[in-house]
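Pasting the structures here.
Consider the two complexes below, in which chain A is the common component and chain B and chain C are the respective partners.
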Partner chain A sequence: MRKRIPNIAGAILLLFLLAFPLIYGRPDYDYIMHIMITGFFYAILAASWSMLTGYAGQFSFGHMGFMAIGAYTTGLLCHYIYLSPEPTGICWERGFFDQYLIVVNPIGVTSTTLTQDCLRQAMEVWDGTVKVTKMPVLLGIILGTLMGALAGFLVGMLVLRLRAAYLALFTLGFSEILKAAISAEIEITRGQAGLELPPLYPEGVTLFGHYFGPTAKLPPYYTMLALLLLCLGILAWLARSKFGLFVRALREDQDAAAALGVNITRYKVLVFTITCSMAAAAGAVQGHYVQIITPNMLFLLQMSLVVAMAVIGGLENFVAAAIGAIFLQVMLELLRNSFVIGGIEVDMTIWRLVFFGILLMVTLRFFRNGLIAPLISHFRRSGIAEETIAKRKIDAGGAGS
Partner chain B sequence: MIHLGISNLHKKFGGNHVLKGVNFEVNGPELIGLIGPNGAGKTTLTNILDGAIKPASGTVYLNGERIDQLPPYEVARAGLGRTFQVTRSFRRMTVLENLYVPSLALGNARSRSELREKAMDVLEFLTIEHLRNEFAMALSGGQQKLLELGRLLMLDPDVVILDEPFAGVHPRLMDVIHAYIKRVNEEGKAIIIISHQMDSIFSLSQRLLVLNFGDLIADGPPESVKNDPAVIEAYLGSHGDEVAA
Partner chain C sequence: MEFPALFWGIVGWMIVWAVAGSIITRRRYLSRDLDTSNANFIGAMAGASLGPIGIAAIWAKTPQTSGHLSVGLGLLTVLIVAVTFSFADPENICVTSGSFVASQFVNGLIIGIIYGFMALGLSLIFSILGVVSFAHGEFYMIGGMMVYFITAVWLPGINPLVGVLGACFVAFATGAIFERLMLTPMYHGKIDRPVEYGILATFGLAFTLQYFVQALAGANPVKAKRFVTFPRWSWPEWADPAWIKTRGGSLTLFDQVSISSPRLTAAATCILVLLSLLYLLNRTWTGKALRAVSQDREAAAIAGINPDRMNMLAFALGGMIAALAGALLVQAFSWLPQVGAIPAMRSFVIVVLGGLGSLPGAFVGGIMVGLVEAAGTGCVPDAQKAASYIPAYGMIVLTLTLLLRPTGMFGRRFASSTHGQH
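What follows is the complex of A and B.
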């Protein structure tokens, strides 16, 4: 029974998360839903990073880079790719079945150059007679995820011989280079001005008999929660399979694992590919949810936040890492409210980060596998110590008789 | 019929010529002791045999397949397994999980129940079945050595290399290790034992190989090797500064 307590607690938490947007009715509904959606986003990043680092021992500081690859892939595709039944004659275009696949020319960020947009010019000439189709958001997200997987595969191949600090530095360098490239290519990515994305559901969506507009919070809430559950499901399946066993062996001692027949190259590359594709999927969905992406999403502080969430939840348990991420995201937002003690106003917008830092340091010092993972482990492994001791007592009794 | 053929094996680390044209063959289920003073090249030879490092020149064939250029996991799959001088268990994995790794890597269990049954048989033989769900890091040094030997039973290779299997082991566990070696040998496997425990190695081995500064200076039955002047010279030294155990 004790072993099932984590499952029961998980089921209750899941039911709560499913029902929450339907039962919460306060005026700050949109704000609270936004916190939760962002919490789910960080939970996907923390859980996938936990698989990469906690299970496989590949300490990567580039996870936000893969997230950004997902976001920018769908962002750029939605921004530049269109389908038209008529050729523009001035854009780069190719026949695509009975349509034309049009790639719009990059025009940078200044409003005076908007007239240089080739598709805009063509549409002015067409005067509404030709219907141009935008890139479907779902296709953008799928392609963003695949691009993240490809980048993860390539980085995984490049870091095969790197371990510990060298791996962390390599991946940090990768993320910084990506940020610099996105910032520099203003013509294409719009740099620090940010790239606008269409909403997750551009035409809105009908759920439970109600129509929800493109900016409503409920559809993205369930979308991000569904993506989180999908990722956790895949990670759970992987963790229970020989994949999970092999990547943990890789973490413990890759030379010993290889000597026992484990193809360490394959599993190292696979774990990078899978976890990076999850980060990219989260980035793509989050990009369409917030509708603007900037290179600031690659700040080291963002990566540190994901690391801290996973560490506080429990690095070697992806469910604990995900719960830790949601909990910390909610707490960090709710602690924003300043208060007054003895006439002195405590500015919590700053102090909450101090508390967060102290919590991280205490966790690292006293709870190596986080605050939530040991609880799960306590119930899951109940009875094992008694089993060992009982056998020892039998042996001792037998020896004495 | 098991055949391991090592031919003209050379290895250098910088200016240090660690192996100088080592040649020997293993035919069938032989029980071989490999000895030599520190720095003789025993571990380097083992690392070359298991694919961890590549030789400068020379070849290694296992059952007709050339293995000296293969990565370690392919060498393991070809039929050569080893333990390490310093025990390398997967410390934050349970004892059972440690045993599952080689079996699943080779796919030599048809189902989960068969895998568990096989692992439990191994643990019972090694007298640590009560520790099956404990993390490996909770085991004593000797028990971790047994666990490493258990992983080899799950790998089920044709040639087994045991690097210092008796070092730092309690006498009761030593009996278990002796029984293990006899069982594996009776199952038709070739075993190469590297050890500084001369009593054990002389009592167990059918054939002794002696390495000294990268040269194979003796190869034969233990009794003749024991009295070989070159071996005595290597162990005792002309100035008496190396003392055999």
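What follows is the complex of A and C.
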């Protein structure tokens, strides 16, 4: 019975998360929902990072880079690609079935001048007679995920020979180069000004006869939760299959695994591809949800949040990492309130991060498997000793008779 | 300013042949059962500088490569890029103005010395603990902050030397305490993967320190006064020497090259401290013990050295070096709690370029990175884009070095498994 406690608790938590937006009715509804959605976003990143680092032992600091690849792929595609039944004559365009695929020319952030991009100019001439179709958001997210997978594949191929500290530095370098490139190419990515994205559901959605507008929080909540559950499902399936075993062998001893016939090249590249595509998918969905992406999401601080969440949850258990991420995100937001002790005002917006860092170090030092993973394994493994003893007795009895 | 297609054509040609040379040479060396650690680099350089001819020559003379050859080919590659650049953009200030080049060179050299000094601390920590300290930038930040607080807030008007010494002391103590509390379980086999643990632990320290300082000092930039004001040397009019002029904050050589006082004092102090550090490492018992531990922990322990104490000393010394660099540069830049990120990245680049764990490599690498950066900021035509790309130059060098020659210029293979090469 005790063994099933984690499963029951997990089911209760899941039911609570599913029912939460329906039962919560306080005035700060939107704010709380935003925190939860961001929590799910970090949970996907922490879970996939713990697969990459905890299971496969590939210590990567570039996870936010792949996230940004996903977000910027869908952002740029939605920003620059349109379908129109009429040719504009000034844009780059190509026949696409019976319509025209239009790539808008980048005009950058020089909004002080009155230059418009070529499609806007053409639309002014048409004066509403031609209906231009935008890129569907779902397609953008899928392409972003594929782009993240491709980038993960390439990086995985490049880092085959690198281990531990070298790998960490290489992935950090990758992320920094990406950040610099996005910040510098302001004509295309609009740099620090940020790229605007269409909302996740541009026309809004109607669920059970209830209409939710493009900025309503409920549809993105369920979307992000569904993505999180999908990622966790894939990760759980992978971890239980041959893949999980081989990947853990890779972590423990690469050479021994290779000697025992594990195709280390294939599994290393595969684990990079899969986890990076998850990060990219999370980035793409989050980008459409917050509707603006900037290169600041590549700051090392963001990566350190994911790292800390995964470590505090449990580095070698992705479910624990995901729960830890949601829990910490909620905690960090709730701790924002400043308070006064003995006439000194404590500005919790900064101090909460100090406590967070101390919590990270204490967890690392004294709770090596994180704070949540040991709880799960405690219940899972309870009674194993008695069972083993009982089994041995039976075996011994059987052998004796 | 748009570059002509010729420039990009030549660069593209070089990249294609470099990739081809790298792959071909590695294959060739693998098939001959030779040491491939240098093959990628020399193949890439031969391909980039001489194209197919270079690759063919390397191919024909397979086992005979030397350090001189790879250095020569590398220099040739750099030369070809520079010449192509000057032909592609003849009006550029780097091509037309000699004094500008000299000034950029001197300033790049000076800032490179400071970078190299800072990276030296990182390299010292890596060579002994096997940990890449992600808190290096935070030690740098603490150094500057301490100098500011001591000389401007707590004891206004005191000699800046007190501030610098105080900063060093605080960083040394922080490093020693952190090492004792957090990193000790690494050495006794209590942790499965010590390298990852070390990275995560220093990462946690960086996070905590940065926000701790921000909570205490606020997020507004602070700036310390310059330590040294040059005396005005006044000669009679006719004897005024042409080669040196001093004004309060800067020193001008030959009317062309201007060096500011903060940078000059920082570089001079760095060289002095570097010399004393070399003396410590090479001439004293403690230094010999440190080097012994970095070569072989167990053998050093048998010889009567306490490796744990050496670890503590190395981490504290490394942190102190970073703090000293910060304490010297706080007079040149304005200071924020986040200021450590960029020098930390630069230190990573430098130690990887020079070879992780190699002390001379860190210094030479620092000077190279300083020069490359000066060239990159001064010569790339689009100034705004160049400024945005500065962090990327170093990171490109870092990723390329890791791909082509992970041991760096002066790298060595470590005997123990803690350094993450086994």
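In this text, the second predicted complex is superposed on the first by the 379 of 401 C-alpha atoms of A that agree within 3 Å, B and C clash if a C-alpha of one lies under 4 Å from a C-alpha of the other, contacts with A are read in each partner's own complex, and residues count from 1 in each chain.
Heads up, the rule we're going with is that a residue touches a chain if its C-beta (ideal position, glycine included) is under 8 Å from a C-beta of that chain, and two chains touch if they have at least 3 such contacts.
Source: prediction; values computed, not measured.
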Quiz item: Can A:K393 be said to touch chain B (first), chain C (second), both, or neither?
Solution: neither
Quiz item: Is A:I350 in contact with chain B, with chain C, with both, or with neither (first, second, both, neither)?
Solution: second
Practice problem: Report the partner of chain A that touches more of its residues: chain B or chain C. | Solution: C
Quiz item: First (chain B), second (chain C), both or neither: which does A:I264 touch?
Solution: first
Quiz item: Given the touch rule stated above, what does A:A308 touch, chain B (first), chain C (second), both, or neither?
Solution: second
Quiz item: Is A:R2 contacted by the first partner chain B, the second partner chain C, both or neither?
Solution: neither
Exercise. Figure out whether A:L169 sits in contact with chain B (first) or chain C (second), or with both, or with neither.
Key: second
Quiz item: In the superposed arrangement, what residues of chain A touch both chain B and chain C?
Solution: 251
Exercise. Note which residues of chain B are touching chain A in the complex, please.
Key: 50-52, 71-73, 76-77, 81-82, 84, 88-93, 97, 100-102, 104-106, 129-131, 133-134, 151, 155
Quiz prompt | chain B-touching residues of chain A, taken from the complex the two chains share | solution = 242, 245-246, 248-249, 251-253, 255-265, 316, 381, 384, 387-388, 391-392, 395
Quiz item: Can you list the residues on chain A that touch chain C in the complex?
Solution: 53, 57, 59, 158, 161-166, 168-170, 172-174, 176-177, 179-181, 183-184, 191, 251, 300-301, 304, 307-308, 311, 347, 350-351, 353-354, 356-358, 360-361, 364-365, 368
Quiz prompt | Residues of chain C defined as touching chain A within the complex | solution = 126, 130-132, 181-182, 185, 191, 193, 195-197, 199-201, 203-209, 211-212, 214-215, 341, 345, 348-349, 352, 356, 385, 388-392, 395-396, 398-399, 402-403, 406, 419-421
